[in-house]
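What follows is a structure written as structure tokens; I'll ask about it next.
In order of appearance the chains are A, B, C and D, and numbering begins at 1 in each one.
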Amino acid sequence: MHNLFAAVMLAGIYSLLMASIFVILDAVDVAFTEAAVGAGISTVLMLGTLSLTKSREKIHVRPSIIPLIVVVATGAMLLYGASGMPEFNDPNAPVHQHVAPRYINVSPVEIGVPNMVTSVLASYRGYDTLGELTVIFTAGVGVLLLLGRRRRSKKANETEDSASKEPEVST
Amino acid sequence: MIAAHLPALQIAVPLIAAPICLLLRRENLSWAWATFISWVVFALAWVMLEKTLTGGAFNYELGGWEAPYGIEYRVDALNAFILLIVAAIGAVVMPYARASVAREIPEHKRGLFYTAYLLCLTGLLGITITGDAFNVFVFLEISSLSSYALIALGRDPKALTAAFQYLIMGTIGATFILIGIGLMYQMTGTLNMADLAKRLPAVEDTRPVLAAFAFFIVGVCLKLALFPLHLWLPNAYAYAPSVVTAFLAATATKVSIYVLYRFVFTIFGQSFSFDVIPLESILLVLSLAGIFAASIVAIFQTNVKRLLAYSSVAQIGYIMLGVALVSVAGLTASILHIFNHAIMKGALFLCMGAVYYQIGSVKIEDMNGIGKKMPFTMFAFVIAGLGLIGVPLTVGFISKWYLITAVLEKGWWPVAVLILLSSLLAVIYIWRVVEAAYFKAGDSDDVVVKEAPVSMLIPIYVLTGASVYFGIETSLPLGTAAEAAKQLMGIGG
Amino acid sequence: MAWLGHFNYWIFVFLMMAGFYTVIARGNLIKKIVGLNIFQTSVFLLYITMGKVSGGTAPIVPEGGSEGVVYSNPIPHVLILTAIVVGVATTALGLALIVRIHEAYDTIEEDEIQDIEENANTLENSGGQAS
Amino acid sequence: MRHHLVLRVVAKLLIPLIMLFALYVQFHGDYGPGGGFQAGVIFGAAFILYALIFGLDNAQKVVPSGYLMALVSAGLLLYAGVGFAAMFKGGNFLDYGVLAGDFIAGQHLGILLVELGVGITVCAVMIVIFFAFAGRGNGDEEDDDIATSPDLSPDSSPNSAREV
């Protein structure tokens, strides 16, 4: 697969499939987000990047033994870990015994919001979400730092100095 | 009211300051605002350390939800000390930043630069203060994303590739940490650190927990640049803007080391980390290998910032060596060296920033004769460099002394000899810079090179002065480090 | 049939390996970012899988009460919402870096960039010692 | 995209609907799947669609960059501001329970406000990021990024990358 365009589109489809799996696994909020972000925004950004760069990958013969070893070792470690996990669907798994019951049983009464994901997200773990919002803010600031240009002004020449005083740099 | 909400303010103040900084739109205003905030943060961290040292550890429940259900902060001697280090470096670097940033960053990006700086500070403080495992990941990403962007601002195009490499390796590290946290959560059903510590022993011999430990350690070691996972660090530090290098070198890896302490000692517990899994032998080998490999590579560098970056990898080796000892004395030395190394490396990188400010290069051959042209800057470099070697009356000596004492306490005298030998390597690489600066004639008909501006010299001398002051008057860092080490080992506290 | 009970986890491990391999073995920077996405998404699958309960439903109380309804665990969902956001933030920043790298080097292949940098290094060091 | 009449008509029909859907997702997040983040992304997507069909210049006239930056900050300020408001009202940081008369009303108000904050910032950041990428392709802007000047090509003078 040396056509990057195809790779990016497949990645988008992969995200969409993943979103459907999340629906089956009862994570509707997550599926919604994955579909909007993974299949939507990420794909748009990748296509944008492709249009600014190159859309074909060069074919290289790279010795890829070391990465293979690293990946196999990581995979083996995970397989080892996974083999001891509680079974899929098991209602007696530790995750369902501690902390979560409180959210499930009490939160609709305590907070009065039917969607538990919303109440956990915004209230119980609201600080995490504040951090998450800061991550997005950081991404915006970071992309502007990297790609932002001095604001193009029609009167660029005579206001070169005054324009440059403004730190904001969209577009 | 402020006293009760200290921990929340510690994070919320820089966090809310970042969007305000973005709105200020004037370079000078942004700088003044970021400086003001960084000093407020420093003051808060100072008060909090006082509070933990006198009143012991305390919690703060965010959103008013009690611990395993909501997220809580937990502040004890260890993280109050790390908070102070981060906040102090953040505050000292800011006055310096103005001149340096004016020289190195395009004008329209400076407001954004200060915003990203505040975000990075927020992220690092947030990782340190939190008592929730997943929250560590969130704030880790805030600090990482902002540092990728900050590093990419370096003037050399290599800064871009360095930032990209850091982004890839940093994200792999963070994802490994995420896997580790997920597996821990799977076996315990909780994310709160104290709760995890309580519930993990019951399941500690299950396979997912072993895998969680492995993934977590590898992820954190990527972030803290333990040899041989340090590949992202030298280029990132060498090509980032001077201010960013000084700030990150003094704080970012230190915070990751804190995360390692917290998970290895507090959450998994030392019996699991060191008895079930032979972490100490792994760390011992890797840290010794790191000390030597990185020091030797440092000797052959021509770019002084890169040289210092390799030296950082070596110093991380000393810090991890202290962990590998698994004793109160070893941990004390380790925590002490975090503090001391932050001061010394901060000072050294600030000196290099001043040199870059004046001559536009940090290559050794461009620094010939610079000792006469920039006497104050290079004098500070020599003093801080002596600290790095471990000469008495500097902080470097104190931490090496305690490290060697701790090693000998274990009876590992060959390791002690190796530590002394490695100091000789530090002599060589510092000497190469000193030789160029003082003993090689520069081009006298070169452009007139002047001393760096006072606004840059003062922060340099604050840190250099601290590296001498705390080399003589050791009670504050040593007392705190010893207290923190005892708490980590579960003795007293 | 213990292995079937872990089927989702096997898929997770497979996806993780595929993504991770793409990240570290591919030389093309965009491929690396795609690989990173797959790598991160696989972890989402791990989390979401552990939250599922047999016979469970999405953790939203339906209108008209919730007698006898089993809900899946909402915590992994919340965590993964955050992780997805982190993932897209990383992707955006990584792609921005790629655009800048392409502008500076006119290539997005890792080994070509290395060649250019090494050439620049040897030129820079022609007067001094080799690094 | 000047000549694609069908696209333009369809887009004009779709964009208001997408925005409406985003608002539904934003405010229905309490009762069904959705919330600030998803709504922000969808709302941002509406703008991105507009920019794709009608051109970047027109899209930037709709949301001038100054306002956009204000919005990027506003959402985060709103979220953190709710936290501070709770603190001033005597609760802990982000304790929504104290915001209104009784606990549940306070929680509702808090969740509504923070979700709104999330929505605003996410939407604005998505647009900012898209504009930044799209604007990079327009050659008619002044290029003032020093580091991007391709002076790393092998034949350039060794020190040119380091000149101050």
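What we mean here is this: contacts are C-beta pairs under 8 Å (C-beta built on N, C-alpha and C of every residue); 3 or more make two chains touch, one makes a residue touch a chain.
Just so you know, these numbers come straight off a predicted model, no measurement behind them.
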| item | value |
| --- | --- |
| Chain pair that, of all pairs, has the most C-beta pairs in contact | A-C |
| Far-end chain from chain C, centres as C-alpha averages | B |
| Rounded Å distance, chain A centre to chain D centre (Cα mean) | 15 |
| Approximate Å spacing (C-alpha centroids) for the pair chain B, chain D | 32 |
| Approximate Å spacing (C-alpha centroids) for the pair chain A, chain C | 8 |
| Chain centre separation in whole Å, for chain C relative to chain B (CA means) | 26 |
| Multi-chain contact sites of chain C, meaning residues that touch two or more partners | 16, 20, 24, 50, 58, 60, 75-76, 79, 81-82, 85-86, 89-90, 92-93, 95-100, 104-105, 117, 124 |
| Where chain A touches two or more other chains, by residue | 28-29, 33, 37, 41, 45, 48-49, 52, 78, 82-83, 85-86, 93, 95-96, 99-100, 103, 114-115, 117, 121, 123, 125-132, 134-139, 142-144, 146-151, 168-169 |
| Multi-partner residues of chain D (each touching 2 or more other chains) | 31-33, 37, 69, 72-73, 76, 80, 83, 93-94, 96, 129, 132-133, 136, 144-145, 147-148, 150, 152, 159, 161 |
| Complex contact set, residues of chain D against chain A | 25, 29-35, 37-38, 41-42, 44-45, 48, 56, 60, 65-66, 68-69, 72-73, 75-76, 79-80, 83, 93-94, 96, 104, 107-108, 110-111, 114-115, 117-118, 121-122, 124-126, 128-137, 140-145 |
| In the complex with chain C, residue positions of chain A that touch it | 4, 7-8, 11, 14-15, 18, 21-22, 25-30, 33-34, 37-38, 41-42, 45-46, 48-50, 52-54, 57-58, 60, 62, 64, 67-68, 70-72, 74-75, 78-79, 82-83, 85-91, 93, 95-96, 99-100, 103-104, 108, 114-117, 120-121, 125, 128-129, 131-132, 135-136, 138-139, 142-143, 146-147 |
| Parts of chain C lying in touch with chain D, wherever the complex brings them together | 58, 60, 81, 85, 92, 95-96, 99-100, 103-106, 116-117, 119-120, 123-124, 126 |
| Residues of chain B touching chain A in the complex | 15, 18-19, 22, 24-27, 30, 62-63, 65, 68-71, 107-113, 115-116, 119, 122-123, 126, 132, 134-135, 138-139, 141-142, 145-146, 148-150, 152-153, 179, 183, 185-191, 199, 203, 206-208, 210-212, 214-215 |
| In the complex with chain B, residue positions of chain A that touch it | 77-78, 80-86, 93-100, 102-103, 123-128, 130-132, 134-135, 137-139, 141-146, 148-151, 164-169 |
